[in-house]
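Below are two complexes that have chain A in common, paired first with chain B and then with chain C.
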Partner chain A sequence: MAVTRYQIISLRVQHAGEILKFQHKIPAYLTCCTGFKLSMVGVMPPALMNTTLGRLSASFNSLKEEAITASLKHEVLAAKDFQQLEVQLHPGQIVSGVYVDEQLSEAFKPYRVNLYLRCTDKEGQTTKTKAACTTT
Partner chain B sequence: MYDHLNHVQQQFKQREINIELQGFKTVTTQPGVLQYHIEAYNEYLLLTNSRVLPIGTRILSDTNSVEISSGQRRTEGLEEFSGLVSIELPRETTYFPIIEFIQIVKE
Partner chain C sequence: MKNHKFQQIRVRVSDFGESVRINAQTDKQYARIRGVYVSLPDDLLLSGALLGLRVNNQEVFEDAHEVKLITSGHQVAPNKKFFFFEEHLEAGGSAIEGKFTDGGEEAFANNEAKLQLMQARKVQSGYLYEVKIYLWLTNEPS
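Then we have the complex of A and B:
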């Protein structure tokens, strides 16, 4: 039976316009990432409601696959579902990327950004060719 | 001695990216213009002269972003950009450098 594990990459943004780079090693037993979610942790001034806080890009398999480019928005209903991802993981490789804060300096308050990766140890539907990762 | 071109060849080989063309690209900055945009879709631009850029220069792209700090000016690492690349010089700068990249077009 396949197990699903969530990898959390947490970044602390401390000033407006900050650029944060990250590297994260996914455990070698996980073979496939099937989803991701980007969320803000912290309290934001109401003036920033519905504005873009920043954007994140990430690549998998030690820079071999550029798979995520996403904006982080401050919204009332922040409980978003995972966005679909189909990345076959090479064992023990690195996820790396960068988050860029895009706020105006006047209204800035420090906050945390969490990137959740939903990964599984189940192989993709491999018969003869590599196919998309599956979530079930 | 650290060799930029050798490093690029080795790293792209490790990443299993075949190189179709390796060249150079420069952006000449000038007084009165603080923002520059370059298109680097399906290719990579590797910054080679971060040491001469004014501190506070920001280079943002779809895949990577950097702000030049005093630490970055000392290192010899190559920052890599792809997609739409925006270069923002700091407002207070009085120095307008030529920004140099190694351009890699992939297969």
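Then we have the complex of A and C:
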């Protein structure tokens, strides 16, 4: 039976310009990641509306595949859709990456960044994503 | 026989930052859970609100899953509001367990007046607000 699971990598940004490294192990039964989403948790001053808060990059399969480079914007009507990803996972390997805060403003307030990875098991690929994952 | 039902699970949040356990059971007359929609009484409450969900002891959302990713605002048409599950989730009397976590007072950091209104409401009624979780149950095949 198809299985879709959301892996959440949560990072806490405490200072302006902070660089945070992360490593996350995806359960071995998940074999394909089909989407990702970056999300900011917290309340930002209105002055930072529509500005880029930071950038994130992530590599899969123990640094063999750099699949995500994305920026995090503070927007009122931010899209809730996941961006497409086509990564075949090697069992037991890790996702690692770095988040760099890019705020120069003195109005900095600590916040949290969540990276959501939408992953499926082998048979769990939907018709939309099956082709994408099997061709990589 | 009806093919669709929108089952409501109500969660009462008593204080800022509180985590509330959810325990429910899906209607036995429906085969699967097609989607979910979480309704909060104020958009500001979305900030930092989390919802974990398990169906028959299988994790669908981790406890740290943000509510804002599985809900939608007034700008979305009523028949487009639900988050659809890509996989088959059994209904038919399934056990629903979960945890709703409020985002805390920080959610109102830019709106002091609303924070005071919420606090006054808490004093009057004994709780802050009620979350409504709607499960879309159906008998149609996935």
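By our rule, the second predicted complex is superposed on the first by the 122 of 136 C-alpha atoms of A that agree within 3 Å, B and C clash if a C-alpha of one lies under 4 Å from a C-alpha of the other, contacts with A are read in each partner's own complex, and residues count from 1 in each chain.
What we mean here is this: a residue touches a chain if its C-beta (ideal position, glycine included) is under 8 Å from a C-beta of that chain, and two chains touch if they have at least 3 such contacts.
Small disclaimer: the values here were computed from a predicted structure and weren't measured.
Student: Aligned on chain A, chain B and chain C: do they clash or fit?
Tutor: fit
Student: Please indicate which partner A:64 is in contact with in the superposed arrangement: first for chain B, second for chain C, both, or neither.
Tutor: First partner only, chain B.
Student: After the superposition on A, what does A:41 contact: first (chain B), second (chain C), both or neither?
Tutor: A:41: touches chain C, not chain B.
Student: Touch check for A:12: first (chain B), second (chain C), both, or neither?
Tutor: It touches nothing on chain B or chain C.
Student: Considering only touches as defined above, state whether A:98 meets chain B (first), chain C (second), both or neither.
Tutor: After superposing on A, A:98 lies in contact with chain B but is clear of chain C.
Student: On chain A, which partner's contacts cover more residues, chain B's or chain C's?
Tutor: C
Student: Contacts for A:114 in the overlay, against chain B (first) and chain C (second): which applies, first, second, both or neither?
Tutor: It touches chain C, and chain B stays clear.
Student: Touching A:25 in the superposition: chain B (first), chain C (second), both, neither?
Tutor: A:25: touches no partner chain.
Student: Determine the nearest approach in Å between the Cα atoms of chain B and those of chain C after overlaying the two structures.
Tutor: 26
Student: Do any residues of chain A touch both chain B and chain C, and if so, which are they?
Tutor: In chain A, nothing is touched by chain B and also by chain C.
Student: For a test of understanding, state which residues of chain C touch chain A in their complex under the given definition.
Tutor: So the residues of chain C touching chain A come out as 47-48, 59, 61-62, 64-66, 68-69, 72, 75, 85-88, 106-107, 109-110.
Student: Once bound in the complex, which stretches of chain A touch chain B?
Tutor: 17, 19, 57, 59, 62-64, 66, 69, 98, 100
Student: Quick one: in the complex, what on chain B touches chain A?
Tutor: Counting only chain B, the residues touching chain A are 14-17, 58, 60, 62-67, 82.
Student: Could you list, by residue number, the parts of chain A that touch chain C in their complex?
Tutor: For chain A paired with chain C, touching residues are 1-6, 8, 10, 37, 39, 41-43, 45-46, 77, 80, 114, 116, 120, 124, 126.
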